[in-house]
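You will see two complexes here that share subunit A, one where it goes with subunit B and one where it goes with subunit C.
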Partner chain A sequence: MPELPDTGVDDEIGSGPTATEAFEREQHEFGGVAGDSGLLQVGAIEAGPASTRRRGAGLGFGAWAAIGWMGFIILIAVLAKVGILTWGDANESFASCARKGPLADEGGAKGFLLGCDSNGRDMIPRLALGAWTSLLVAVGAVTLGFIIGGTLGLIAGFTGGKTDTILTGMFNVLLSVPVIIMALALVAFLQGASGEEGALSPEMILIIAIGVVAIPLIGRITRASSLTWAQREFVLASRAQGAKSRRIMIREVLPNVLPAMFSIALLAIGIAIVAEGALAILGVGVRPPTPSWGNMIALDRGNLFKSPHIVFEASLLIFFTVLSLNLLGDVVRARFDVREGGL
Partner chain B sequence: MELTKTVAKRLLQLVIVLLFVTMFTFLLIRLLPGDPTTTIIPFGTDAQRAVLRQDLGLDKPLYEQYADYLTNLLQGDLGKQYNSGRPVIDLVSQSLPVSLQLMIYAQFIALLFAIPLGIFTAYRAGTRSDKAINTSAFALLALPNFVLALFLSYFVGAQLKWLPTGGYAPGWLDQFFDSSRSPDLIEHARYLLLPAITLAVGQIAVYMRLLRSDMIATLQENFITMAKAKGLSNQRILWRHALRPSSLTLLTVAGLNVGTLIGGAVVIEVIYGIPGMGLKIYQAVFSKEYVELQSYVVVIAVLFVLVNFFVDFLYTVLDPRIRRARAS
Partner chain C sequence: MSPSEDRFGDAPYDGPMLEVTDIKTYFETDRGLVRSVDGVSLTLERGKTIGIVGESGSGKTVLSRSIMGLLPKRGVVREGSVKFEGQEFIGIKPKEMRAFWGAQMSMIFQDPMTSLNPVMKVGNQITESIREHLDVSKSYAMELAENLLESVRIPEPRKRLKEYPHQLSGGMRQRVCIAVALACGPKLLFADEPTTALDVTVQAQVLDLMAAQQRERFMAMVLVTHDLGVVAGRADDIAVMYAGRIVEKAPTATLFANMKMPYTEALLSSIPKLAHDSHTRLATIPGRPPDLVHPPKGCKFAPRCTYVQDKCLEEEPPLTDLGGGHQYRCWFPVGTPGGAAALEKNRTSASPAPAAAVTSPVGGQA
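Then we have the complex of A and B:
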């Protein structure tokens, strides 16, 4: 048997965790947001290159590639939104190009590097504008989740006692429905509630639905993190100096919780992008003709065998973006040596 | 005593969750502004609307409506599909076994690959092959299952033509729910292999990581040194001595994941056109069958909660260390 190197496993299992503990642990090791389905199950934090990385070491090739990719995606998204990359209209169709592209049965079309979708719309501006929509929905949803879930989690972890029991119970109850089903039900409801004329834009509906689903997930992680910090000596010192709870919470605990939250936020954006895609495939995505990566896949899923480029191009963008976000989340976590124990 | 207490606590939790889920789905439709019947059947005729209004008991106060709804649920009455008038319970009993089989296969495939990989990477922790496998696992976790589904159905299904990319044949479970469906196991396997693999891939990465870290801890225990000193082969030590104590967390998470797989299966079923709960949900959303949709959400949520409850309970009973710890 070869020597077993120290791989930094810090969980003692000798005493045998209870099922709930094991589950919580899974939630932690996998980014805490692994609530649902392979689909939303993201980011084994310790997986991959992380185990070899030391705190303070330079960023590896992977991290730089991830930063580069995210920069590129954000750039094209913004350029498309302000109308530079779309050359005017992302919805303009070119009949000669419909369904043509790399890998397509009918071959590629001249002048359209990535081909066109089934309506003859150039893929490049649509993918770029889709990036804007997908990022908008994902970032919006995560922001919403953090504002509400983060605040509740912070209060629960810091206050403890009855407040904690009630809030944690609430989170657990909300997590008792598979998240994708919950999000789907919420979208269906909000679509009905906003009526045909649309009091809420489809993007806003998705932001709310995914954001609401994220609340308990983010809340639980924030709670765990703030719980450990709330028990530290400097909190006690601050209290001894007569600081009010609110001040301690905001000035002492919050700044320490933030790095962990930032890492979780990166993972959560990745999950939200995937969630948008899944909801689009389930038929409740952004309303066409507005493109998002999810609804580009959903709309041309039927052309998969004849013109696979349409679906694959959007799929690849989702994959690389989520991979980059996972990697960056991982890097941030390693940098700040974020450990969430104390549950 | 302790066990009874734990079970009682869990049961209470179960009831609360079930109440929440039913109330949530109930209110979703009732809280919609305007006439609920226009939301439930936007394309319905006036006569249908009148029937619906009576069915839903819209003239009664809200709490009575909820009580009626719960009573109906407990009696297995999930309402009707409005366009066809078919009872939703029939649709559920057709689609539920399909989804269940898909999940069972996915779970099986995931464990089949994850256990050897987990053992291997723990045994070779820190080596190049360990890193390569871990990095692949990291990449797989970023692969949304619908993307994988589309890739597999294009390359394996359409290009190589090894397996069908859509459709379904009844398997061993369907007949218990609907006696008219006789099993055709070979076709069944052909139709479900790709979807099950799709659903399994993400789980493999998760399970493997979990087993690896537990296994590394186990391999540092004294009884492993003892086994080595006795001169047992590595194979025997890994599979017979180390695997069992290392697999507790893995099995729990795998158990709890049966519930979470339900969510993943929804999207997979839509892409592969498998007539399970997921495809039914998709169709219900598409045709705005809100009562039907509501029923699926309830069924899935109840299933999810029950599975989690059962696994949690089983875990306490099966693990002697926990049982003893709680007893003392």
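Then we have the complex of A and C:
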């Protein structure tokens, strides 16, 4: 993607925007943060002939491609899950087509655009449903990590003192356990805990395992961010006005920490998708026949040479999805950095 | 105006509004105990202004925060007595202090760029403390905020309520800070270098605005600044701080007419004057403020003083009371025969005593 470096850097060192332009862009960005429609209009007005770049489209090709790709993946995942559009049964097996490459067909009656896996199942519905599973696990795990790790990190950074020492110590202990071993141990423990009846679905087990691994990572980043914001003068000013500590933490510090956290969340989802794949290859992913991208790679990694399309198709989806998430994370970070520097 | 003449009649307490006695504030650091404020006493009546003047690191900011109780929770030693309308502040819990913060006393900070939350609308920042302290509806609080913005002379207050701090200029932001501080009608306002971060043209406007609000609300004000010019026309009393102590305190007119402390004199003479020819060398005070971890034995200002004698380096002068509220801390005060003799002696002596002391390394303690 040649446009890639364009997205962030261009904003700062581009065509030397005038002070007004910079100011208006800030306003525009602020409007974006707060969802204030009144401010958003400024962005639309200023896209006049005076500026060489159109501000509305200031994201660049790479970012738009990433947004498009994520939109596409989320759309097919949801459609496959709710079953509005069916591309065929994800678990229906056509024995004669096993391991057939793209465009294979079963006696001419049915075409398989992306081929079949080693059990003769159509790749398209499996990839679509796999997108759902992978995204569900990744988003779920990151959400869990942020709810617990983010809260603990915010408290640690804002409160300081003993609370901070204890929480940071906990994060450090958790971080010193190799992540993959910890995730494996958690899956094993949770599978045992959930019992034969399966009180926890396999997806839920993965969400908890990856989410717990993410807690110390997210906690430490949140702590660092909230620590710097908690020392700003407006926090003291708020205290001097008689605000309660909890109120200061939630109303003053949290909104300032969130933008940075949002960009990290996007990166974290990408990492979690890869982590789900890694756990699947280690044999503790979602339970077959439920497809996930990692699961599909794990199942057919033995056929990498004879019929590479199975592993490659799933891998490519992971590749583009993670790339898109990283790119979007960078865009978000660059945009918010500008705002912080401008103040 | 003494409290007995209080035309508002809403202050049942019948003494000085603020009574600070021998307050000490030390910070525990790796290097040792930093004595930022070391035994300061002052009183303030309602409606009056006291100016606290001193160079960077003299403890002005720490003093005002210590009086208000806005110090870090850990590593701070705070002793002495702070009485606000008879209520002792030292030793009470932050929870109890919260009822006073904002509602009874409030603070304006130095830098309006950092003392407003960048991601919160101006209106919400003002209404926040109104809603905390006064039991009013959200829409009424917004109305109050609009009136406040109008009273600090911000044009189009209704529109500004919905804007973010970065959309305002520096002077406007400081006005918003003043509005925030005044929101709950405090009786005591601390202004910590309120104009230092502002343009000279805006400084006077903001100071006049604060003076007008003070008259209107009959507030007491503690004006902290490093600029004698700022307090000259605006404070009733001036306290000059050096190394965590008050070295001279007097009613403003007395201080300027009859200063006793060589430090005050040095501060005043370092202000450039219009009468000077262009390219006149600016008078400065040589050296730096003393290290507050290991302060000098005698007078803290002695190493930089032009009046210094052996006695100054050995023995710390007590706070001498001249009457009429004029106090100073010096062995050889300005404008006395003793002071003149000391100055003359240093001038004629081949190697004046301070020369060695000035060049000797003194750790700068902020």
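By definition in this document, the second predicted complex is superposed on the first by the 266 of 343 C-alpha atoms of A that agree within 3 Å, B and C clash if a C-alpha of one lies under 4 Å from a C-alpha of the other, contacts with A are read in each partner's own complex, and residues count from 1 in each chain.
Going forward, contacts are C-beta pairs under 8 Å (C-beta built on N, C-alpha and C of every residue); 3 or more make two chains touch, one makes a residue touch a chain.
Just so it is clear, the structure is predicted and the values come from calculations on it, not from any experiment.
By the document's definition of touching, neither partner reaches A:Ile73: not subunit B, not subunit C. Within the superposed three-chain model, A:Val177 lies in touch with subunit B and out of touch with subunit C [touch as defined at top]. Measured by the number of subunit A residues touched, the leading partner among subunit B and subunit C is B.
Once the two complexes are overlaid on the shared chain, A:Ile281 sits against subunit B while remaining clear of subunit C.
When both complexes are overlaid on chain A, the residue A:Ile297 reaches subunit B alone and has no touch with subunit C. Look at A:Phe319: by the touch rule set out above, it reaches subunit B but stays clear of subunit C.
In the superposed pair of complexes, A:Val311 makes contact with subunit B only, with no contact to subunit C.
When the shared chain is aligned, subunit C comes close enough to touch A:Ala243, but subunit B does not. Of the two partner chains, subunit C is the only one that A:Arg232 touches; subunit B does not reach it. Shared contact residues on subunit A (touching subunit B in one structure, subunit C in the other): 26, 30, 34, 36, 38.
Taken in their complex, subunit A has these residues touching subunit B: 1-2, 4-5, 7, 9, 11-20, 22-23, 25-26, 29-30, 34-44, 46-49, 51-52, 169, 172-173, 176-181, 184-186, 188-189, 192-193, 195, 270, 274, 277-278, 281-284, 297, 301, 304-305, 308, 311-312, 315, 318-319, 322-323, 326-327. Contact residues on subunit C toward subunit A in their complex (touch as defined above): 68, 70, 73-74, 98-103, 106-107, 109-111, 113-121, 128-129, 132-133, 162, 164-167, 177, 180-181, 183-184.
On subunit A, the positions that touch subunit C within their shared complex are 26-27, 30, 33-34, 36, 38, 160-161, 232-234, 236-244, 247, 251-252, 255-256, 339-340, 342-343. Contact residues of subunit B toward subunit A in the complex are 13, 16-17, 20-21, 24-25, 28-29, 31-34, 39, 123-126, 131, 134-135, 137-139, 141-147, 150-151, 153-154, 158, 165, 199, 201-203, 205-206, 209-210, 213-214, 216-221, 228, 234, 237, 246, 248-249, 252-253, 255-256, 259-267, 270-271, 281-282, 285-286, 290, 293-294, 297, 300-301, 304-305, 308, 311-312, 315-316, 319, 321-322, 325.
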